[in-house]
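Could you have a look at this structure, given as structure tokens, before my questions?
Naming follows writing order (A, B, C and D), and every chain is counted from residue 1.
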Amino acid sequence: MGVTILVPYPLDNKKTGPEVVEELSKRLLAMQATQTGHFLVDGDVFESSFNKTKIHVMHNSEYPASVFSILDNGQKQIPLITDLIFDLLMLKVNPIYASRKQLKIESKGPRFELGDFLVKLGSVTMSQSQTFKGLLIEVDYRPCLIPIICWELIREFLQGFLGQYSPTTIPVYFTNSVPNPHHPVPYQKSNDTYQPIDTVQQYLEHFNNYRKQTIALMMGPNK
Amino acid sequence: MDVQINAALNGIKNLRASVSNIFETAITAEGTFLLEESIACVTQNFKETETCINNLNAPSVPFTLGNTSYLNYETDLEKQNMYNELVNGYKWYEKTHQYSAIASTLLQHNSLKRSYFSSSNKRRRLLTGAHTVPPKHVDHLISTFNVNNMQLKIYRPFATNAFLHINLSRVLKAAIILRGLMIEWVTVKGFNESLDNVDDHWSESRYEVFRRVQKAAHSAMLHFYSPTFAELAIRSFITWFGSYSTLFSEPCKMCGKHLLNALPPTHRDVRSLDPTHEECRK
Amino acid sequence: MQREEKQLEMFLDNSLSKLKDLKIAIGQMIQKIEFEHETINWPTFLDNFALISSHLAGLSKMLSLEYTPPIRNLTVLPLNLSPDVDERLVQATEGRLPIFAAEIVPDYLRTKPDPSAENRMNLHEAKANAITNEAASKQVAQFNKIVSHVFDLISKSRDEWEMESLHRNVRTETCNQGDTQTLVKAIALGIGLKTNSPMMMQQPRGVPGQVPVQMGSPGIQPMQLGKMPSSIKTNIKSAQLHPYR
Amino acid sequence: MTSENQPIAAMDSLLQASKVNIIPNQEYLLQGSILDVQVQRLLHRLKGLCDNVETAPEQFHDYEACFSLRNIADEQAIHTAPLLLRVRRSNDPADSHMPWQLRYVGNPELGDTKRPTLVRSCFDISCSPSIMEFLTEMGCRLEFEYTVRGYLFRKGRMKITVSKIFRPMNQEPLSGSYLVELSLLAPVGADAVAEDMRVFAEKLKPLVILEKIDHRRIAPN
């Protein structure tokens, strides 16, 4: 576990998702990376039947024994990390919190190791119909735990293999100020020790963006 | 005596080889010429063996086996095997003796020798080496170190010799194993790797980058070593090691980049403390 | 003379049969000790012993009878001593004595105790005769005193044991069904944990867990529950049915 | 690109696991109590009977809170039993790095008069300390809470706790007895374990009478 940066890879209409994954994989292999299986990150949404509260239940194949849940009541997010059996409990609360199957998103694809770096090329698909939504590139620099310390290094790495599509600034997730429960001054994630839940929360942000786009598209023609 | 026996044994071996050679040629039966040649060879070998044997003289006194001869009187079947074990043990002991003699001569030539080692000169033994410093002195000296971003903690799992644990600004963890004030070993691990168990000190880090840093630390430990100024040696090592707090954040002084072969600059110059990639520093 | 011989013969026959009985009894005893020494209990052992001693008593009784011929006056002579195995002897003694040789004759034909044993016996007898009547009775009294004291000690501790076991039979209460109910109710349904008020116990039977209702939002902090006075809580309950309604 | 060993979604593998009955989600339970004055005798006996001889008795001091979740949108559902969720954590500062425990306990299975123990579905889930906030925000209501202090024993897969229940506000004990629980978590269909538990409970008689107590029957009336 180390600092993980999640970058959406913009798709122009010239190439399809699988083609881009193919191309990036070739590039990684050329950089002496080795493919080490596949990965999967998925996210379910459970919505309350009486208010706006949503519970995002997510899994990450990097942590196969854990369930990451994020409760979102509109004002704040509460993360919770549990055993895998939590999934069965969510089935028990079913009438009160119902699963929104059409909002289920997963990102999966090949996983590469290059030295201490871990690179995952995720194709994002949504709902049961597996509609392709985009590409999410995950880069994990495992030795380092403090995002601000190694951001420049990760940026250079991203630049090396994404070229013009690489981000120039650290993702907003790390620079948002978070209220500190132990101290009046809010802190920034970038200066905090990186936790597995941070990876999941980054995924959630991107998943939510995809969901919004989809809903906007569906609503669009009606307006 | 030994030489003669060996020569005789060799002679017998040659003789046997040539005899079996005859049979092989006889089986293939490729003409009498080859056979004759082999027989000549056997005769030759036989003569050699004979001279060897003649050179041997019977030992005047019977071999004394010492206490082992009493094993003859042992009636217990299980204990009769002890003789074999005894012989093995003896061979093993002989080998150790031989190897240590070789090692000793090699060590005499080694210029990187880090402790006073001399078996002949008794006067030198009176000098207090860096490795025989009282624990109190070590504690005091270490408490005076004050390097930015570095937390030091001493603990002693093995009696007097100190393990110095270093937390370097949320970047890495390291353990320096001291013998007195002499650095014996350095282990470098990631911030999220365990160093709590004593065994962790001898396993390598999971991450390539820390394995490289550990290598660099080992060569630096030899570089800074000085038998006479032990305090200075450890102080400069700690200062040098402190420069790794920028392991991930500072680019290479030579190529200006963070990464080379997916690794940050893992080398620090011993004087200027400049970060460079291992490949860049030439 | 003939009458005497007849009497002697009869007597010998009788004593032989008695001796045989005694021999069998001893044999059984030995067998018991040999084979059942792990399982044998004192009563059966003592029974066997009593059997032997009764045989012995019968034998000595017979000897002391008046019409018993004075066997003391008879002599036994070893007529033939030989170092070779005598088959007849082996048969007669059931294999116990194969040879009738010089070195064993004294042991087998002895009518008086071993001289050394006799010496010791005489010594003891002399010693016994040496003490006066007075001293003897004194010693006896002393011994009786000690024995009765030990007896007292033993019977006292036996009484104690009996008392204790009697006491133990009257079971001390170790568990209380009421407490079990209280505890199980508490951890399962929270009864008795929510408030101290006895009113809670008189709640009409309803859905478990629905009993007390708190003030405010469902997001109430756990510690606040403890700080709330119980009376207020019950008041609110009657006023406000459910926070979400 | 190879497609071998594609990770399957966690949910799918979990459902698969529950289908073949390898998830221990059934709790077998016997309960009883012992008076405070007699508890040392029970501990002594358990020490002799149980496995963890070297460490026994293991002490614990926990805090437990019980939350209820009710479907308030549905008028009908108001009158049905709410979902009860229990959160448990150690009060011992030495255990501060240990995960908290979230526990769902279902109703006892019906028609189990033949079974020697109570059987109910149960999920034990380790979780992060944010669970309290998570549950309250989820709409759960804190029903009651207590602290529990006692001793833990192990015998095979069986867990035996001897514990005292305290009210949280003033730390006063709830009764003059220790609660004794004999429990075991096993997958569905492992009914043989119930017999083991009965045999074990038999060994503790007459010191403690361990019974199956149906919580619905003892509801206040």
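Quick note on the criterion: a residue touches a chain if its C-beta (ideal position, glycine included) is under 8 Å from a C-beta of that chain, and two chains touch if they have at least 3 such contacts.
Remember, it's a predicted structure, so these values are computed and weren't measured experimentally.
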| item | value |
| --- | --- |
| Where chain C and chain D overlap in contact partners, by chain label | none |
| Farthest chain (mean CA position) relative to chain A | C |
| Innermost chain, where centres are averages of C-alpha coordinates | D |
| Distance from chain B to chain A - Cα centre to Cα centre, in angstrom | 49 |
| Centre-of-Cα separation between chain D and chain B, whole angstrom | 56 |
| Separation of mean Cα positions, chain C and chain A [Å, integer] | 80 |
| Distance between the centres, which are taken as Cα means, of chain C and chain B, whole angstrom | 70 |
| Where chain A touches two or more other chains, by residue | 50 |
| For chain B, residues that touch 2 or more chains besides their own | none |
| Multi-chain contact residues (two or more partners), chain D | 72, 137, 139 |
| Contact graph of the chains (line, ring, star, complete, other) | line |
| Which pairs of chains touch, using the document's own definition | A-B, A-D, C-D |
| Sites on chain C touched by chain D in the complex | 171-177, 179-194, 201, 203, 205, 207-212, 214, 218-222, 225-227, 242-245 |
| Contacting residues of chain D [partner chain C, same complex] | 31-35, 38, 41-42, 64-66, 68, 72, 78-82, 84, 132, 136-137, 139-146, 148, 165, 167-169, 174-177, 179, 206-209, 211, 213, 215-216, 218-221 |
| Chain B to chain A touching residues, read off their complex | 170-172, 190-192, 206-210, 248-249, 251, 257-259, 261-264 |
| Touching residues (chain side chain A, partner chain D) in the complex | 21-22, 25, 35, 37-40, 42, 44, 48-51, 53, 55, 59, 61, 64, 67, 69, 71, 73, 78-89, 92-93, 95-97, 106, 108, 110 |
| Residues of chain D touching chain A in the complex | 1-3, 5-11, 14, 18, 23, 25, 69-74, 77, 83, 102, 104, 123-128, 130-131, 133-134, 137-139 |
